[in-house]
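Let me begin by handing over the structure; questions about it come next.
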Amino acid sequence: MLEILGYYNYWVFALVLMIGFYAVVARGNLIKKLLGLSMLQSAVFLMYITLSKVEGATAPILQKGVEDQIYSNPLPQVLILTAIVVGVSTTALGLAIVVRIKEAYGTIEEQDILKASGP
Amino acid sequence: MIIVFAVFLLTLLVLTAVAVVRTENLFVAVMLMAIFSLLMATNFFILDAADVALTEAAVGAGVTTVIFLGALALTAEQEKPIVSGRWLPLAVVSVTVLVIIYASFDQPRLGDPGAPAHQHVAPWYLEKTAEFIDIPNIVTAVLASYRGYDTLGEVFVVFAACIGVLFLLSVPPVKPQKSKSSDNSSGLRHHLIPQVVGRLLVPFIFLFGLYVQFHGEYGPGGGFQAGAIIATGIILYALLEGEAAALNAIPKSVLMAMVCGGAMLYGMVGVAGMILGGNFLDYSVLHSDPVIGQQMGIILIEAGVGITVCGALLSIFHAFAERD
Amino acid sequence: MLLDILSWILLCLGGGFVLVGGIGALRMPNFYTRMHAASLTDSTGSILIVVGVMCQAGLSLATIKLLTILIFLLLTGPTATYALANAALLSGMKPQADTDEGRSSS
Amino acid sequence: MNITPHLPALQVVVPILSAPIVLLLRPKGMAWAMTTVTSLMAFCIAIAIVSGVQQGQVFNYLMGSWSAPYGIELSIDSFSAIILLVVTGASALVLIGARRSIDAQIESHRQPFFYAAWLLVLSGLAGIVVTGDAFNIFVFMEISSLASYVLIAGGPDRRALPAVFKYLIMGTIGATFYLIGIGLIYIMTGTLNLADMEVRIHEVADQSPVLLAAGFITIGLALKAAVFPLHLWLPNAYTYAPHVVTAFLAACATKVALYVLIRFDFFVFQQNLSGHDLQFSYFMIPLALLAALVASSMALFERNLKCLLAYSSVAQIGYIVLGASLVTVAGLTASIVHIFNHALAKGALFLAVACLAIRLSSTQLTDIAGVARRMPWTMAAFVLAGLSLIGVPGTAGFISKWYLITAVLAKGAWGIALVFIIVISSLLAVVYIWKVIEQAYFREPQQANGAVREAPLELLAVTWVAVLANIYFGFYPAIPVSLSSAAAELLLGQMPQ
């Protein structure tokens, strides 16, 4: 059963990654692009956490007095803790830029900005 | 049973993602994104990553949504429909999905204890932590000590984002805002019920934040989560009592000092290790007993992380909220 | 054993309430009725589920944590509903008795 | 306490811990002084490391004293040393001259943020270069990227904002792809340490996740490095950034991404994936050549001086990639020498542009008409640096072109075709540099330029230091060449052929 879930997790990772990527590339709205970007990053988090799972294990918090308990892999979890914070930092900075763009151009649509700054 | 649940959640995740991309109302998209983050957090929890789930829930669903809403209030709520060129990206995207899915067949299956990822470095952490650091939560041990340098970098990523937002939004607004928004900024001030309940909740949120901060060595939690939780508590306070009251309670200069001070605290613990004869971020030299030294170091740097994250998230929130 | 059965009954009931609430939120004709459906069932459902889980946990630290969660849910759920309805009212959405018009507007 | 073993850590720690201090300093005018002093200290540390490396010293540093695959290891070899020299040198030199230019472009109450961001870029780039851990590279890449978005967005032109937004989107996608790549490698090997990865990837080299990882990492880093055709963010970002920021970032930001690209590819993949060298060559050589030709032609038609030079950067990145994609020691040496020399030439050119801009307040080509009469020293510096960019003998640019052409010719018959393209691209460079010179020297000055004076002394001085370095390294190329060839041999050392 877990085997199917394993593949399913990777496929969901691939799908969400590309849905996010599509939003970034094809949508003209800058906030939509940032939403897509944070989806893209979330997908990667899912991939890492999926690979940290060990069958029959629990969260990597040592339990006193319990022998031969197996634990999931802590390393990818640590990396993702870091990556989540990096993600929110990027989003915040991107939104600050969007706010400034709105003030400077009066729009947050890519085409309108191109039109406004073209000639 | 749990697998059925996991499959259900993952399917829901994909559906939410599609909905986020399809909807043209940005407000709806942001709310759906918060749901997406919560679903993701639940998934993480199923996959044994309690710390990550807590962080995703606090940071992804909580703080990110607040920042998005703050930015939406300053920009536009409605997206223009796209006019052209959606087939090329769709084609590129589909091909990439197929390639990734193809590669997944060679990967070790989920949960296989024999996978190389679980054979090489991770078992060492699981075995040696009790001996070297002696705290139960291995995620915290790896985060704060074995890979403490990464975490230092991460604190400075938050720091960079904070100064970036402050730098960008320190330009005075180009055109005067409409007077309509002044009513909005006081938030829920005139609503009795949310205010009463909110006031009741805020201290408990702080308490929970502190619990997460100091219980991080024993259970899920740590500096990031605590910083984010306490920041959301103060943001709730700002929504209830108005922006000015929150700034009155914690002025901007204090926030700035928190951001810089937390980062410096972290760095100084590292430098102290260097001065006392170890390498940078070597906590074992902080105390005559290396294990206690490690624990001291971890508590100190977790405090640094918590202070910086809390200060940075609040500074970012205020920078957006003030422009209203 | 008895506790186990009781707990499962509570859990199933709670799940049923939440399900009904979800259907209501989808099927009801306009904003206020939808919210009504979602919020009431949500509160009841969450009480039943948390109590059910408490029965499973027995007398331990987990039960106290669950109790705290329950109190939080009971405080925040209705408040959130109130705030939502209030915001809707303030933004000009009038509650209507006439469902047909409500359907066309929503 | 003996400082020498701590040098790799100090290289990052000194600037990164100065950033919060800069923010808290009062009075605010101190920010520039503190940043410059810190940057000079970083430069001194880099010089100490380079001299150590040249004496054959190996710098390995265990962060937190945890042994290598478990903790994070910093490791510096000759390849990292030369890049460190470029990064810290560019930052220190530009900062010394930058004060007036920054005063003119950024309001004084925002300057502490700006300088703190500058230090973060510096420490982020240095952190990428010194580390030996794949995930640590990601973290420091994000520090430097976020901070450089801040620097670029500091430009007073509103067009800087969409430009930096595009950079943010493409940069984040690049970083995320890199993260996916590391994750896939981690699944297969269980390690994040580059040296350990190199050993362990061998057993699983032919499996599809590793190939996918190679693809993701290469594309992600190519995005960050602005390798053609993923360079779309670069011209606008460089054009509308504050002038001194352009000088700093053009000299080193993309170079560091290229460093990671080359290091990852040669260190981890080349030696383990069968046929990877051929794939790499077939894929990269056409892109590199297209970059050199297309970007140079784009530069021909540009009306904005900074945009012209930015396109020229894309073309030069093409040369660097071309050298690396030959997968020979000579090619790689040429490539690394060119990273060094191009940083010198482009840094000097953008500094000269900063000199012009501080007096002219515009970088349009039409606005610099006849400016050579008013600012003879600035334009003389521009001409000399331009010669170095083209690759005229006696300048640093010539050395790397020479190595590149030698390396290409060693490839036999089709090497001659490549040389042909390099020569065409160099001729294009002659044309676009000439276009600027013609405007500055042989056009009548505009009426409005009447009051234009020579640029401020300190900015002019650092410009000339950069130009003289171009000439010095043109005649005495021993330091960069010895470091580069050592680096190239190291990177290709365990190759089968």
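Order of writing sets the labels: A, B, C and D. Residues in every chain begin at 1.
Just so it is clear, a contact is a pair of C-beta atoms (placed from the backbone, for glycine too) under 8 Å apart; a residue touches a chain by one contact, two chains touch by 3 or more.
If you're wondering where the values come from, they're calculated on a predicted model, not measured in any experiment.
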| item | value |
| --- | --- |
| Most heavily contacting chain pair (counted by C-beta pairs in contact) | A-B |
| Centre-to-centre distance between subunit C and subunit A (centres being mean Cα positions), rounded to whole Å | 30 |
| Whole-Å gap between the CA centroids of subunit A and subunit B | 12 |
| Length of the line joining the C-alpha centres of subunit C and subunit D, rounded to whole Å | 57 |
| Touching two or more other chains - residue numbers and ranges from subunit D | 135, 139, 142, 146, 149-150, 153, 186-187, 192 |
| Junction residues of subunit A - those touching two or more other chains | 17, 21, 51, 75-76, 79, 82, 86, 89-90, 93, 97-98, 100, 104 |
| Contacts with 2+ other chains: residues of subunit C | none |
| Chain pairs in mutual contact under the definition given at the outset | A-B, A-D, B-C, B-D |
| Residues on subunit B engaged by subunit D in the complex (per definition of touch) | 99-100, 102-108, 115-122, 124-125, 145-150, 152-154, 156-157, 159-161, 163-164, 166-168, 170-171, 256-257, 259-261, 263-264, 267-268, 270-271, 273-275, 277-284 |
| Footprint of subunit D on subunit A - complex, ascending | 17, 21, 24, 30, 33, 37, 40-41, 44, 47-48, 51, 75-76, 79, 82-83, 86, 89-90, 93-94, 97-98, 100-101, 104-105, 113, 117 |
| Contact set on subunit D toward subunit B in their complex | 1, 6, 9, 13, 16-17, 19-21, 23-24, 61-66, 69-72, 107, 109-110, 113-114, 116-117, 120, 123, 127, 133, 135-136, 139-140, 142-143, 146-147, 149-150, 153-154, 184, 186-192, 200, 204, 207-209, 211-212 |
| Contact footprint of subunit B on subunit A as seen in their complex | 1-23, 25-29, 31-32, 34-36, 38-39, 42, 45-46, 49-64, 70-82, 84-93, 95-100, 102-104, 107-109, 111-112 |
| Interfacial residue positions of subunit B with respect to subunit A in the complex | 3, 6-7, 10-11, 13-14, 17-18, 20-21, 26, 29-30, 33, 36-37, 40, 43-44, 47-52, 55-56, 59-60, 63-64, 67-68, 70-72, 74-76, 79-80, 82-83, 85-86, 89-90, 92-94, 96-97, 100-101, 104-105, 107, 109-113, 115, 117-118, 121-122, 125-126, 129-130, 136-139, 141-143, 147, 150-151, 153-154, 157-158, 160-161, 164-165, 168-169, 171, 173-175, 218-220, 222, 224, 309, 316, 319-320, 323 |
